[in-house]
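You will see two complexes here that share chain A, one where it goes with chain B and one where it goes with chain C.
Let's look at the complex of A and B:
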């Protein structure tokens, strides 16, 4: 008779091995490493919850303390490589293979370990892609997750930063895996249950909250006038004509400027109620003035943001909240929302080439993708119409019969021609290509492919790539907004002039925008303290953003 | 708070923010309308001789604007640092312009207002910058000995650090806003030299309660606490020019005595919060979040008798 429940029996054996350190499901923090050594087996696929924001930091530290003779050759499958410990497991010889999505703060070290052969790289994914693979060919045997609190039955409250947890647990717990949670405290009654206890096998009381970083707070005080000009161009040249109501913003200063211009410049343009009402977005503090001014109808969040909890609680008409009142975020659902239900993604990038490919990889840094490629790509499976989608589709393919024509998502790259440290945003060849050659990767790490990009906005104007009919036009449209960079100076002046006459390139003056009007006084808030005022004192910014 | 009223309030207050304004905007708004006459203006292109060696951009006024004008009808000399150029740092030309202004003030017996916005000496021209600080302090004290008042205003992005902090300490009187910071060693310098345990420069709440305008006012390091508006700074400059103390031997003795008293009173405090509690502020933790009006009322109640000596 064949054996159909090997996985289930293997899990029972793992749980029995771990039970030696547990009272019920509860394991003392001092026994965390011993528990992991008992439950995890060499070669296992392990998801060590590293999300964009929250980190299972206690479990990460416990894992690197394991004996490499006991635990080795692990295959880490996690969306965020964020803490130093996430790479220490490779240096210590505990883990060997890595599949991930985002590595912001560790981008330099991960590059070094890849070059040095310490990490065997599966692939750098987008969030949705990695989550999808959790259910097909990268299902974890063990998930090490983080929550705010647990009750005695192992039910978990993840708090506002639910993020990846339900997805990770779903894939692990329902496919014979073991789920180990670190929690900030154990309580009699949870505010709400985010993860049912029957999906959680061990709980460790860390006695403190998990580590979480404020990644989405942009200080209005640091927004430049050039960024304000790009924001004015975007509002008047893209938001207004397409009527973009459903959207996602990146986390750069240009889009923060747009958020802060909605109640001032946007109001003057008469756009209130017509644009920017429905969002897939983390709780950006810079959106507070627009929310308070009645621009925003609702926001679904990937994760939360440090300091925003009380504000979110008091604005449940805007945010998704649980019965307890606190935010419920969910990265997988929000990524899906951004992919399928948003008509626009607008974000900054570090490099754009002549085909419009853009990348945040620069020499020696592999930051990964996170969610931008999900937001910043045309969803080929989309079937519902909307005004901006239809209009963009018509611009791209005016010859096709309307009823058969695909719409297009607006994918907008915004930035200054010269970015930080005067580095040009436009390049002939992406650093990502050199990296792919050096590491012999099959694919260069491209954040947004050129054929998905519809507009590029710089202080020089807007290039509408939907209206370009061939590669030459595309190249000259890009050169035409590349200003004084080498790429910009190599433009064909007459060609660019013709594109401008066709409206492919629109300069500030073509849109009736005087660059001298781009003034910081246009920002609805010019400091973090202004944001606190706007929130009626509900926003509590972390100390590193204060100047009082 | 309704959205509309919030919008109006924030818009009004910030439309004339000192912190946000450029040095030239500050000068223009501070002085009686149209009265400013610049000395060695940008058209003279007196740029730094050092910055090109480092392939760094120059600015035609080297980040220092000096000139004369009228304040509430009275003739004054004025200097303003541009904190957005090299962090308002003192270089050779930048410093020489202020030295010259202060020497002229002594000759002309005309009071001076200095709008500080500086991180200290420009590292690329360190020796020239350090010498400039010494020359400025000498010229400032010589002007004061000739009964010329020199008023310092602090509320810019770069704060008032390094040599700027030393020069500010030589002034007849200071006005500071919440955003303004006055110190010699900056937060990063302290952290680098003494370790993060001594001072965490990333803890901005700590930075502000140690060096910020509210703390400086509470311990008597600045004579007037002003709101972050150009109008408020202008009113403070007018008030301080009218009442600034002369630099005399008696004044120096009083200043020394006050410093000793301050050290005795607060020398064992590890944090500004401890000092504020000792000053009699029961809810010390609430001070940073206080609005200008609330804090001004508190300051009037708490500060020891207004002392000529800082």
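Let's look at the complex of A and C:
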């Protein structure tokens, strides 16, 4: 009769197997590996929590210590491949298949393992896409998560770095999976409850906080004058004319420069209150001067940032905070906000081809996507109008009746024509294509597709791809801002000049930008120490950013 | 150290009255540009001493584009280059020309 609850009975069996190592829900850290061997079964889909910020690092170490004769053929379904342990599980033969979104620091090693056939790759996703699949065809049987603290009933406090946890737990706990949490401490009363205890089956006291990477801290001291020039171009040539109030920024130095120009150059342009007021953004320290100058109304965050907790706590009008006063971040909701409620994404990339496709995959490095493809794409399901969205839509399709015309999200790629080690940002053929050929992938790992990109900004100018009417115009518009890269030098000069006359390409001089303003003195903060001053001493930068 | 020298005829004489200006710094990946209003008519000369050898073709293009875009007639540019990228060179040249115009443009 009751053959409709196999999953529930399987979970009960897993919990019973794990209970041998537990007192209530609590398991000693020394028994972590034994617990995992008891609860996880070969072939399971396992989510080992970790993204570009927080990491369930104790559980990662416990998993690689497992006996491959007991635990093998696991299918890892997780946001980030970030810790060495995330790849050690494949080298040790514990895991076989991988579906993920981001692999920043492991980008070289993951490429090696993929080429060597040690990892069977499902797909590289955007965060929101992977989260979606947790509820459809990649539901974890076991989730290994990280929290700040737990109480005796297994209620969890995830603090400012809530990030992916509610999504992972939702998909696992409500579909007969087992949730195992590592926590920094066990307390009598939590500051707030982020995850209810009935969704958590085992709790391990790590006796220390989980690892968090300060990925969103950009030292103003490293911003170059060329980057300042690109920032000025973006502000005057895109933010101002479209009136972009709702937006997301990438993590590169060009967008950090924009953040630091708001209170100076932006103020001079009269843009305060007219642009950059509502954000889907991590707590970027470089946004502090703009916040303190009254530019920002509110910010929803994917995650937190090391050193920003006290500042956020003291600025609850700006950030989303819990009853305890600290930040409540949520990656799935913030990604959704970035997709549907932001009018612009602007970020850097490593390679752009002649169709405008961009990718962060370069020879030997597979960095994954994180959230960029989601932020950097037009939401086809969007239905609410806004000024920038309507204006961009009209530029792309002037012939259509206004009431029937889709708007367009502004998707802006910004960077210098030459990146680190003088590698050109513009290429005839993306390394991502070669990778796809070598690994026989159905899809090349493209971060932002060319038909989603609306503008490319370099020090040479802005290419407005919305105004291009065919592939030739598009190609020459891209070559026309590609500077002295091979792609840029192979431009058709007369064609590019015609595009400039039509406003498809706009040079700094076309926008009345004074090259003498491209000076570090234009930055509202020129060092991390300046950011600390702007914050009234509330921002506490991690030690690697302190040089005083 | 490579020495490069380019002579052009600009479309027009550079505006402004200032006699000379200095922008940038000599550092790795950066450059210093001294610009002087010393040449007759629409003549323009760019004299380069660079630490990075073998980039003559790119320099030639950067300089030609600069002269085309900014019309720096009557100006002589002396460049001390520490191996700057072309985007930095283009920015410094524009800054030097602009610095010689003085305020009020």
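The rule we apply is simple: the second predicted complex is superposed on the first by the 547 of 548 C-alpha atoms of A that agree within 3 Å, B and C clash if a C-alpha of one lies under 4 Å from a C-alpha of the other, contacts with A are read in each partner's own complex, and residues count from 1 in each chain.
One rule holds for everything that comes next: contacts are C-beta pairs under 8 Å (C-beta built on N, C-alpha and C of every residue); 3 or more make two chains touch, one makes a residue touch a chain.
In this text the structure is predicted, and so the values were computed from the model without any measurement.
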Query: Does the superposition put A:507 against chain B (first), chain C (second), both, or neither?
result: second
- prompt: A:460 contacts which: chain B (first), chain C (second), both, neither?
  reply: second
Query: With the two structures laid over each other on chain A, which partner does A:483 touch: chain B (first), chain C (second), both, or neither?
result: second
Task: Based on the superposed arrangement, let me know which partner A:266 touches: chain B (first), chain C (second), both, or neither?
output: neither
- line: Shared chain A footprint, chain B vs chain C, residue numbers none
- request: Using the touch rule from the top, collect the residues of chain A that touch chain C in their complex.
  value: 224-226, 229, 416-418, 422, 458-460, 483-484, 489, 507-509, 514-516, 518
Query: In their complex, what parts of chain B are in touch with chain A?
result: 1, 3, 6-7, 9-11, 14-15, 17, 19-20, 157, 178-179, 202-206, 208, 212, 214, 288-289
- prompt: Inside the complex, what are the residues of chain A that reach chain B?
  reply: 221, 263-264, 289, 292-294, 520-521, 524-527, 530, 533-534, 536, 543-548
Query: In the complex of these two chains, what residues of chain C are touching chain A?
result: 58, 61-62, 69, 85-88, 90-91, 94-95, 98-99
